[in-house]
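In order of appearance the chains are A, B, C and D, and numbering begins at 1 in each one.
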Amino acid sequence: MDKIKSLDDLRKMKQQLEQQLRLREQSNDPDALVQIKVAMATCGIAAGARTVMNTLLERTAAERLPVVITQTGCMGYCHSEPTVEVRKPGEEPIVFGHVDAKKAIAIIEKYIRRGELLEGVIPQNYESI
Amino acid sequence: MNTTDHDEHPTVDGIPERERAELKDCQIQTIKNICHSFRHDEGELINILHKTQESFGYLPPEIQECIARELRIPVAKVYGVVTFYTFFSMQPKGKYPISICLGTACYVRGSEKIVEALKNELGIDIGGITPDGKFSLDCLRCVGACGLAPVMLIGDRVHGRVDPLQIKDILTLYT
Amino acid sequence: MSTFKMHLLVCGGTGCRASQSAMIVERLREALAASGLSGDAQVVATGCFGFCEQGPIVKVMPDNTFYTNVTPDDAAIIVAEHVLKGRKVERLLYTDPQHKTPASDSKHMGFYRKQIRIALRNCGFIDPENIDEYIARDGYAALGKVLSEYTPQEAIEVVKRSGLRGRGGGGFPTGTKWDIARTRRSDQKYVVCNADEGDPGAFMDRSILEGDPHSILEAMLICGYCIGATKGLVYIRAEYPLAIHRLQVAITQAREYGLLGADIMGAGFDFDIELRYGAGAFVCGEETALIRSMEGRRGEPTVKPPFPAESGYRGRPTNVNNVETLANIPVIFLKGPEWFAGIGSTGSKGTKVFALAGKINNVGLIEVPMGITLREVIFEIGGGIKDGKRFKAVQTGGPSGGCLTEKHLDTPIDFDNLLAAGSMMGSGGMIVMDEDDCMVSIAKFYLEFTVDESCGKCAPCRIGNKRLYELLRKITLGHGEADDMDCLRNLSAVIKDTALCGLGQTSPNPVLSTLDNFRSEYEAHIFDRKCPAGQCKALKHYFILPEKCTGCTACARNCSVNAIVGERRQAHSIIQNKCIRCGACLEKCKFDAIRVG
Amino acid sequence: MQLTIDNKRIDVAVGTTVYDAAKQVGVTIPRLCYLNLEALGIENKPASCRICVVEIEGRRNLAPSCATLCTEGMTVKTSSPRVLNARKTVLELLLSDHPKDCLICPKSGRCELQNLAIRMGVREIHSIENAEMSTYRKDQSPSIIRNMDKCVLCRRCETVCNTVQTVGALSGVNRGFMAVVAPAFEQDLQDSPCTFCGQCVAVCPTGALTEVDHTPRVVRALADPTKTVIVQTAPAVRAALGEAFGMPAGTLVTGKMVAALRQIGFDYVFDTDFAADLTIMEEGAELLSRIHRMLEGDSNVKLPILTSCCPAWVNFFEQNYPDMLDVPSTARSPQQMFGAIAKTYLADRIGVRRDNLIVVSIMPCLAKKYECRRDEFKVDGNPDVDYALSTRELAQLIKEANIDFNALPDDNFDAPMGESTGAAVIFGATGGVIEAATRTAYELFTGKKCRQIDFHELRGMEGVRTASVDFDGTPIHIGIAHQLGNARKLLDGVRAGRYHLHAIEIMACPGGCVGGGGQPLHMGNAQIICARQQALYREDAQKPLRKSHENPYIQQLYNEFLGRPLSPKAHHLLHTRYFDKSTNN
């Protein structure tokens, strides 16, 4: 990777990266990617987020689903760790709590494939700037 | 390293009186390498102690003496630092070191009962180690997993929302 | 892909469940089935919406309609009107108390504006181990702006204008702190990030470091430019391995991008960052102790002055800021100091991150504007008290703070108000306690912590806190005497007045605040030998209700100390001074004849 | 700048502490941990006891006056009710964690904590029954007793051991209530790098660090009719003993001291000074032989020669400079030379069997207690010197014996081992040994009479000094250091080639033995130490003989018994060897 040598470099890079992310995040194409984020902070990992992450990766790969799975930091819902956020193209993100391997599969099978919600969805309760 | 005879000769102030074990050459070399990687800088003493404890599991006197020699500082100073920070231990830990979080969140959710249950189950006190060397028991302050309170760590694994009645079952996972 | 066109989310939190939310789920499903809509709309029970005051809650997706105070009888009309005809049920909509107008969309409800994430802006949003995601979210843009558009002095002016105060506990104005370090002359200066988060029950800093490590690096770079330092150090708890890992990854990535190192962004500014590890000493959160610890010594605080800004790490001017403070810095430059100063209360600007824990439904990490009330935090965001118990107190400020009670629920939270209420902001731990928590025991718990964590250097803290703890212990064991409360008060006042560092000067706060707010509980322990919360084992009394006792002798046979006497088929009784309060009799009694008081 | 203290306005210089400013208006604020070792250029200022707190207008909490600098317009109250309550409460806290065995405490009457309790009128300690005390294992080394139950954590000993002496035997250890100052692993001092210099004892405000008390055993020996008990007194003792009886520092009490010892019941009262003269004969001969060899071009010769009179210094180089064990003079210290001669030559002359002869020494030093226990100085397990009492113990013994010291007439030492020259007397001051050696070596080297007797260039209080003395055309370069920290500086300098010297004198204690760890406590007061030095130089000036080789009894000793300096017999009785005691081996 090239070094960022000036503010201009940084701005160019930002635009590029932003577009990539926007492609991922805001595409209205129904066939576009589903974004899954697993909260992988200490609480989450302690509660089993790694297993969830692995299960999601394995299952989506096996089924060749158009899904991007990333790790992220603490979403703040410590009461319901492990937590997984799923954003389907053009829809509001949904946060699932108390996710284990079984529930991870259920998220794929029920929510991602069929739009069916699971019990224990966590209402998002903050705005991020 | 001699780790067996300290149980038999506890002294008044809890520092085990034991035959000062001689370090093997390779062990001395490990310590030298660690000190070297920190440029033998005494300002890096805490980092050096961290690395050494990572390698040896604990910091018995002979290791502290070796570090003092390498850094050319009094061993009393090393000992002063080791005894100041709870992270450093002069006692070997069990194969599965158990740490119970006594942070406020865990406390109000009953971590004291977990401590009692573990003491009873293992027959050892805080700071102790089971005769077979399998488990050692310690307390710590807040691992930051307050959402899972009460929390206990066995090795690196965090067990959250622990119920005193589950202790037996959890321990059987470690055999 | 979706087969359901609509989702009906029903709050399944404790509060709402208590008011028949399970029944609502059932009725909604019945109504849908009756209308043949089972395949179009799905009913789901969710976690707590944190809006228990107006519960039960039903939220309709995708249009985000938010119904409050729903009863099972309303199920039919929601299905008939909203699901079938697409018309909102006005009567059930949430009414904004300020504007008196029904809010149709949950996004426009004040409740959801209560949390605003500035310090946590990227936590749970980006991949912390990917610098690109940080840059895509305007990462390092603030640094670029500062380096290209501001002199150090001008940049510090910006921080000053924002009104940002230190989030580590003291609340010292950050800009002023930077300015002091800037004006010192020295061959080398240091920027230190204090990540030795030690308050039990606080995990804000850990979350930021784990979720958004680059924001801390960026802020340290800006600070380095402002004060004229080329070296940064992060002093981080060894107990946070994940945070350490993520910081290391972030530092490596920043170096690869040339954002750390020599001549950053071509501005002729050099800066690099190293990590220093704590080793389990709470007192090292105090900046002079932290500096000694970074120098490889015992973390014993030293007298101020000299302040670290004059003589800190290795005797050089050193600026120490806490993690959360730093996390705010880039945003201040990007959005402007006026924007930041527009959030919060008069004396405390911006937001504060709190770690909500204890007997609360929504244990978690929240970020709220300064000036929000405790009631909003606990009952709305936090979803109220666990298991429907009664709220008793909330502890803020960790071992340095105090307990706030019902009467403080509507006090706006900021640095000055909390101090006035006998507590302090501290680093942001908020431990909620309910009716089962004995406040004398809580004070004892904190003192035990302080005794464990006192460095031992100064006499008032080393010995005084031990004596405070012993007095509290004596009271919880039922040996309290009439003048113990005076003793506690005098000792507390003297320790506050004479201890060397911040740890000792604030350590009696849990005692003083519980004495002020829960005096009757102390009195009950001392004069009535009773623990109103029933937590102090030594003060529990087991007794047998003669009218219920059948004389089956089960209790007597199971009493290990032979404290229970009585003839067979006659009412038994417990000899109090023999009883060891083990509770075995209570378990064995099949006739509910044994009581604890 | 101007400020107000207790309603009095006062002008002070920038940088003045509130404590010092208060003193200027006549207010002495009580304090405990603070200690200004001005003679050593070191201030122990942890600001940790919190006794000296004062109220400063506009400040939230109380301020430690010892560590708070005056600022313009400051208003200070040193004794407001708030201050008094805090001060007394803190003192009570300290006492609540302090044993109450003051009656039998070695520091009783001289204890700074006790003095504070008296001054503050503490009559009861408001703390709960059975309050926990921090207790530690007792450690009794041959010289020093550590009873850390009495430690108030002023850290003076730690400062002295590390900053002044650079010995590093002591460090703050543990945390919180159990924090204490201790050697590594709370091992015994004897197993630590401690040199027994005793400077920690000299600054300890309480009974936490005290010397091993040998007075009961000495009294028992005196009471035993089968034993002949003789005593030797080191030069520095006579310059400080008077302080224990209310005399000003620097009062010479040689005659009264002899009288007192005789009255206590010693069979012979001798002078270590006699052995000091003997030391010069041996060490001087060694120095000259090495210089001669060097001048003859012997490249193996070990120069500079280092003095070896100071047992703490000997311990120090055995610990820290194991590679230089053949550099110091092999001459024993005067105390041990005295013991060796007493238990051979003298025992013969007075017809007493070795095991019935008890040799007691009075020393300004605690390391001497250890030195006389060293195996090299025993014959079949019987030590050359049986007991070494400190100056403080002698004062105690005199008081116990109900002797009105101030009213005693002057008495003289016994012959033959009581005679000494002025050169021996100045052994007690830094630079004195080397000056004494110079007086003799000059004459032996040049064969000429040395006109100059007072070598002022060798005297003084500077920590590291160097000077050149012209030995009739041959310049002899001399180095002097006192305090072990300075010794380390000088030695490291020699090692690094920064100094080119022929002879070095090193004394472990500030100002030399006059500032020894066994002397009446000087608490770092430079005036006291200098006054004691001056007293020794005064006694030197008054002596008819001022060069060691002129001592007639020394000449007689060589003629009758030893032969000549460095003879095989002299080697056997008056020289020693050194051991590697570093932790590296």
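Everything that follows uses one rule, which is that a contact is a pair of C-beta atoms (placed from the backbone, for glycine too) under 8 Å apart; a residue touches a chain by one contact, two chains touch by 3 or more.
Bear in mind that the values here come from a model prediction, so they are computed numbers and not experimental data.
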> Hey, what chains does chain A share as contacts with chain D?
Replying inline: B, C
>> Using the stated contact rule, I'd like to know whether B-C or A-C comes out ahead in C-beta pair count.
In response: A-C
>> Taking the mean of the C-alpha atoms as each chain's centre, how many Å separate chain B from chain C?
In response: 28
> Hey, how far is the Cα centre of chain A from the one of chain C, in Å?
Replying inline: 26
> So, what's the distance in Å between the C-alpha centres of chain D and chain B?
Replying inline: 42
>> Using mean CA coordinates as chain centres, what's the gap between chain C and chain D in Å?
In response: 57
> So which stretches of chain C touch two or more other chains?
Replying inline: 203, 206-207, 240, 281, 298, 357, 363-364, 453, 455
> Could you say which residues in chain D touch two or more other chains, in rising order?
Replying inline: 172, 174-175
>> Among all residues of chain B, which ones touch two or more of the remaining chains?
In response: 80, 84, 86, 143-147
>> Under the stated touch criterion, can you name all the chain pairs that qualify?
In response: A-B, A-C, B-C, B-D, C-D
> What residues of chain B sit close enough to touch chain C in their complex?
Replying inline: 41-47, 49-50, 80-81, 84-88, 102-109, 140-147, 149
> Given the complex with chain B, which residues does chain C contribute to the contact?
Replying inline: 197-203, 206-207, 238-240, 276-282, 293-299, 314, 355, 357-359, 363-364, 395, 398, 429, 431, 433, 437, 442, 445-446, 449, 453, 455
> Within the complex, which stretch of chain A touches chain B?
Replying inline: 42-43, 45-47, 77-81
>> Help me check something: in the complex, which residues belonging to chain B touch chain D?
In response: 11-13, 15, 61, 64-65, 68-69, 73-80, 83-84, 86
> What residues on chain D touch chain B, complex-wise?
Replying inline: 136-137, 162, 167-175, 182-186, 192-193, 583-584
